[in-house]
Amino acid sequence: MLIARVVGTAVSTIKDEKLSGLKLLIVREATHTNELVGKPFVAADSVGAGVGELVLIAQGSSARQTDKTKDRPVDAVIMGILDELEVDGELTFRKS
Amino acid sequence: MLIARVVGTAVSTIKDEKLSGLKLLIVREATHTNELVGKPFVAADSVGAGVGELVLIAQGSSARQTDKTKDRPVDAVIMGILDELEVDGELTFRKS
Amino acid sequence: MLIARVVGTAVSTIKDEKLSGLKLLIVREATHTNELVGKPFVAADSVGAGVGELVLIAQGSSARQTDKTKDRPVDAVIMGILDELEVDGELTFRKS
Amino acid sequence: MLIARVVGTAVSTIKDEKLSGLKLLIVREATHTNELVGKPFVAADSVGAGVGELVLIAQGSSARQTDKTKDRPVDAVIMGILDELEVDGELTFRKS
Amino acid sequence: MLIARVVGTAVSTIKDEKLSGLKLLIVREATHTNELVGKPFVAADSVGAGVGELVLIAQGSSARQTDKTKDRPVDAVIMGILDELEVDGELTFRKS
């Protein structure tokens, strides 16, 4: 799963009916020290994540395995909010 | 999901029968400020998108979750037209 | 779906039995102006495409949605031969 | 499957209920000589892997084929701990 | 499907039970002239391929469509041994 930071929100009025009710967030891949490294893309939110939070993202068919995204045309879902990351024995990220 | 801009259309006469009736659009990945960054590729349209619009694209098996693309050999579908994108508290795109 | 040009053919005698009867073509990703940009890879053919033609390719599980590729271990299928591509209001490719 | 080294751990309290009980490890792609080459990402653990070990990772829908990850929103799973890698007739990695 | 060369073997003792009995080979993507271009990764073997051979690899869920890999957590399978590749009318590879 990707480590990513929520950086914004997307609004779409004309959309496939299976998308209705889904919250769409703009995210960017981040490192274990919370530095942004990737281009912005959009993920569906299944956990109530907010802008600024570091999250976990599942992609592909795995993005449709949450109750909120089942059978919907989404290929990226936020399914966890990260509290701590530890790499090589050091705490590299702690949610503030 | 990718943020992308519709840049053109594709016509294919000799094609798998499961593609018949699908509208095929040429798209390129774009940033949250509507700058083109990716190479052109083709996506099926499920929402009536037009050239110049900023859209959301689902890829892989998720591209087959709309009524228009179910069980068809397509790996990219436009399933939303973007109205607004907001990043870091600023409106970076608004549909004109 | 990828825009690609058929550049050659692949022959494999020792192969999984589920591949028997499939035509395997070598393709490279191309732009909307028919310039080659990608590395060669192999796609199954479902539409009778020939060397030199510009085609559409579906990848991943979507490559198994044609009658010719159903339940087979292929992750790329040619499912359309391109006649015309139009980008930004200009015809950038027409099949000759 | 990717060759990867386990470099750390991830903690997520607020997460999709289908993730509960899964151990989440931070991994980076590695070469056959155990050099790190990729960016950190997160994989579910199905085999009791520990930090420092070289492992095999299955991605996409294949990541949901273990008993521990079935039907869960995970797109990467550690499903083997590597003992030895041999390339061009030379042992390039042996677990110590 | 990827064109790849088998360059070695991988041994994993502690692994998901669904992997038992599978032969794991180290492969690298190659061109149509048999030059190595990609990083090493691991593929399950369904056709008895050996080190040095040029092979075809199916990835993703398509890697689970052979009898040997069905329902197993593998995302890459060797499902053909290449005999000949012809590009632009020239034979660029022939198995010796």
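Letters A, B, C, D and E mark the chains in the order given here, with residues in each chain numbered from 1 onward.
By definition in this document, contacts are C-beta pairs under 8 Å (C-beta built on N, C-alpha and C of every residue); 3 or more make two chains touch, one makes a residue touch a chain.
Nothing here was measured: the structure is a model prediction, and the numbers come from that model.
Here chain B and chain C face each other with different sets of residues for the most part; under half of the interface numbers are shared between them. Per-chain CA centroids place chain A at a distance of 20 Å from chain B.
Rounded to whole angstrom, the centroid-to-centroid distance between chain B and chain E, based on C-alpha atoms, equals 33 Å. Each of the following residues of chain D touches two or more other chains: 60-61, 63. Around the closed ring of chain contacts, the path that opens at chain C and continues to chain E reads C, E, D, A, B.
Taken in their complex, chain E has these residues touching chain C: 1-3, 29, 31-32, 37, 46-48, 56, 58-63, 65-67, 69, 77, 79-89, 92. Put simply, chain B touches chain C in their complex at residues 7-16, 18-19, 24, 26, 39-43, 51, 60-61, 63-64, 71-76.
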